[in-house]
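Below, chain A partners chain B and then partners chain C, in two separate complexes.
So, the complex of A and B:
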């Protein structure tokens, strides 16, 4: 035995640098070039922002109202993207938080006459946070990690049950929901649908987008990347996997709540569908279509799906849902990473979390 | 008190008894090999120690603490680290981020959200990468590495959190002879601060780097002792070490 060890040491000291790279520098360089090369994401983000900023200048009033609705739905899509695209939690009931907040603020406005932006938006956000904490706590915080299918069915059931509950509850207006919600106000100013509401919603979308961007590029974002790639592995590093999931789920619920309250006041009424499976599925489609795991993908998905449905329903009154369905299928079959993957490479989509920035900082001075 | 002491471990899967009173004792700074024929329960014992499987009976204590009922996360936080048999580096992340992910596991939520430990951990990440000769590929995706290099990256990740005990399940599986030799070389320095349990088929490899061995057969301990003692043990010799 001792001899064997000595022999080992001897061979080790003889051979200083062992060639271990099966992939020589030639094979590695494209990856490196891609990492060091042009970033596509900021360009796409910038373009989308510019288009969104100048859009109302070219739109008729009724189209501005439509565009505002799309902006709010894009905000809602962000919430699902965070939960599914970044943390790998299959939430099929995201509308539960969207609709609960919508109903909550509608009741505040109807029964208590509270319409101040400074009260209703925080209230809606809080409702989203609370419901998602409750549901997330129940679905995700068990002794053992919950399976994807358990979470998917749990959230789906939650959303469906809420829809049924709202339909049968007289206080919530039953099938008809709550109509004629007064507009949000700031002092004596009423925020009604139109360009002002559009820019207001766009501002909120931009702020939430930047916050999400900050979050997913932080070290927390790295933990999320580990979570969605290999949950068991990172548990063995000492990550509290269930806690991570519950936190992201709650953040997603919070954003959905904010979107729901904006939506309720923009439309001027809430109805049971807003809680239900249809909207929950719709938001899944936005994100899959645009590209999950990229924030801008969620926004683009919402904009394109809503835009195309709008145009199709205008021009092909009878068959537009079929055309839309086929279109969605094609993208999901041939571009599983969504439309964004036409311009965005895998490496940039996943991103880097530590080194690149550090080196950039060092190189700057 | 030894660092790790697993006593009378039993594990039953349905009708199959994988472990029947197996035991494992590992001291500080000791490299301990776990050997035995296929189906002898090596990997199962390893999993029971790591918390990937819960034993049906028996007790596992680690650093003077009963950890039998603790989850893998809690064991990791107590200073135990596991390298899986199947390579499970995160292929889409860069090597750098793979190591950072392992290192930051114990950072608080606040530190993670505001990336407060990113700067502090940088030197440590680069040190781990150079220790395993991967520094020049820090910014490549882990998927671009060769199989052997992925195994090294995985060992580096398992070591990143400065564990007291590292469990390696077949670290040289699928490696070339040369890569095996280098793996042995890479593991030697960690003895200063860490004990090691290795499950491995390559007996030469085990003999070269381990201090003590435990031989399992049909879920029980056949023999346990220093490498010399095990080599001298007639039963073991006949069955396992003849070819070596």
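So, the complex of A and C:
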């Protein structure tokens, strides 16, 4: 295991150097910054957190409601980033977990009158975990490893089928979904949309973000990064690649479930689009835009896309999807690592995985 | 008896439509290894060209004849400008073609608005067999589908162009070394797949009418059909499309449509999981 770890680090340290060579001159500056020991990532994260904390003080009520929605979508984007950016599993149906948790808590509230935060959020999270375990287990595990294409199309089909099911099933409200879900409650207090909900969602986002950050920088995250960079080599080291993937997929689904239940109670209704291809592809856009493989990139992508979309929706509603398509194409062609790669060097994106500790150990004797 | 016959005809004609849509998708996926998310929008473009010709007063059949050529030329340009960069990475290709599809779809939506525009059938009326009536246009679609299928098969298996395409698929390096211009072959194959989608769109627009989400409706069904049939041959996707098309048209006759709809997808995914090579494996044509 120890030797495997060493070799793993060697694999990883090879990665960035190779890709740095063909990055072109415009990326030289962030790389140099990183080499000089200036960490960009914590600065970006800190800035985003500060802006998010003071934002409601300057916003009108209806904008705070919008900002809360963006925070929840950022949480959802985080779940996809973990699955695609860190483990390299293209989940084209991430909305399946988001939506089924939303529908689940909506049904709890409608049919059983359960709205307590202490019950519905764990329930939604559990629904996300269960559905993603089932789907991920089916798609990823098995005697033969599944092809990337199969997983991508399988998740897409799952999400599409769930959308169709929700549309046609009278119990789930058909096309209209489930309207007027009562607000979440804690004791006798009702959590309605507004600044309180904003800070509540932001708190959850921050906690989940920190947990994810811990996860991707842990031993497990090290194996994941290796998986993304060179799957075969990780398999040769004796890691059970399929199991690793299924675990990450389930973690992603869990976070998506949490986001979905927050979203359902915030909007006050759920509808079939929440399960389907529309939201599934939207979350892919957020992450690609912001920068996959960095947690903060997913958050920034969600904020920028939703923000610009909101800003343009008054005057340019029709052409916004076209602009979005063009921008996405440009990002894929020229900035595959997303907007964050303008400020973040490749070396820092991949991370150091305890290299500092190793240096200390080497320096001690 | 009569209703059974009508049901059989409905199933057959829907199966033919799916086969027609999947043909282009299957050729691009098998010959180039790209799952083209913009294929649905090529179908939409074909339908749009037909509508344009119709609304400008040209005969509908002229629009239908022009559609594959216009969409094919458009596909050729797209391949040369953008798709070419995606060959190395299948997932990036999916995302890139998705972005292209988004641009095309939303542009068409901007052009036609949120309406459902109808285009009349060039061959109207019905064919009467005894007491039964079947739509003449749907019957024509079945005939054209059979002709196009046969034509594609002959093109790929009997002509020197087909030989070059298959050589490029099997071993690009060796094909290049033998003097085949692989970039040109890739461009031509992509254009051919796009042209087939354009033809499909032109033929089905009288049945489904023109709306911006026309193509998306068939896209996922098409992908599933290609996977079920097996990527890597011409016959595979066609067989898969026949199966998926028949199933999704036949099942609603024996169970609730909602259940049937979902069941087709679930069955297909389970099938692919346990038989990843698809219905028809092996290279061949």
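Convention: the second predicted complex is superposed on the first by the 318 of 365 C-alpha atoms of A that agree within 3 Å, B and C clash if a C-alpha of one lies under 4 Å from a C-alpha of the other, contacts with A are read in each partner's own complex, and residues count from 1 in each chain.
By definition in this document, a contact is a pair of C-beta atoms (placed from the backbone, for glycine too) under 8 Å apart; a residue touches a chain by one contact, two chains touch by 3 or more.
This one's a predicted model, so the numbers in the text were calculated from it and none came from an experiment.
Peer 1: Based on the superposed arrangement, let me know which partner A:113 touches: chain B (first), chain C (second), both, or neither?
Peer 2: Touch partners of A:113: none, neither chain B nor chain C.
Peer 1: Tell me which partner A:281 touches in the superposition: chain B (first), chain C (second), both or neither.
Peer 2: It touches chain C, and chain B stays clear.
Peer 1: State whether A:180 touches chain B only (first), chain C only (second), both chains, or neither.
Peer 2: So A:180 meets neither chain B nor chain C here.
Peer 1: Counting only touches as set out at the top, which of chain B and chain C does A:169 meet: first, second, both, neither?
Peer 2: Second partner only.
Peer 1: Between chain B (first) and chain C (second), which does A:152 come into contact with in this model arrangement: first, second, both, or neither?
Peer 2: Second partner only, chain C.
Peer 1: Let me test your reading of the model: by the given contact rule, A:60 touches which partner, first (chain B), second (chain C), both or neither?
Peer 2: Touch status of A:60: no partner.
Peer 1: Which parts of chain A are in contact with chain B and also with chain C?
Peer 2: Overlap of chain B and chain C footprints on chain A: empty.
Peer 1: Under the stated contact criterion, what part of chain C meets chain A in this complex?
Peer 2: Those residues of chain C that touch chain A are 35, 82, 85, 90-92, 94-96, 98-103, 105-107, 109-110, 216, 220, 223-224, 227, 257-258, 261-262, 265-266, 268-269, 272-273, 276.
Peer 1: Which of the residues in chain A come into contact with chain C in the complex?
Peer 2: Residues 90, 92, 138-139, 142, 144, 146-150, 152-154, 156-158, 160-161, 164-165, 167-169, 277, 281, 284, 288, 318-319, 321-322, 324-326, 328-329, 332-333, 336.
Peer 1: Along chain B, where are the residues that touch chain A in the complex?
Peer 2: 50, 52, 71-73, 76-77, 81-82, 84, 88, 90-94, 96-97, 100-102, 104-107, 109, 111-119, 121-122, 125, 133, 137-141, 144-146, 148-149, 152, 157, 161, 178-179, 181-182, 184-185, 204, 207-209, 227-228, 231
Peer 1: Can you check the complex and tell me which residues of chain A touch chain B?
Peer 2: Per the touch definition, chain A meets chain B at residues 1, 4-5, 8, 11-12, 18, 20-23, 27-28, 31-32, 35, 143, 215, 218-220, 222-223, 225-226, 229-230, 232-241, 247, 346-347, 350, 352-358.
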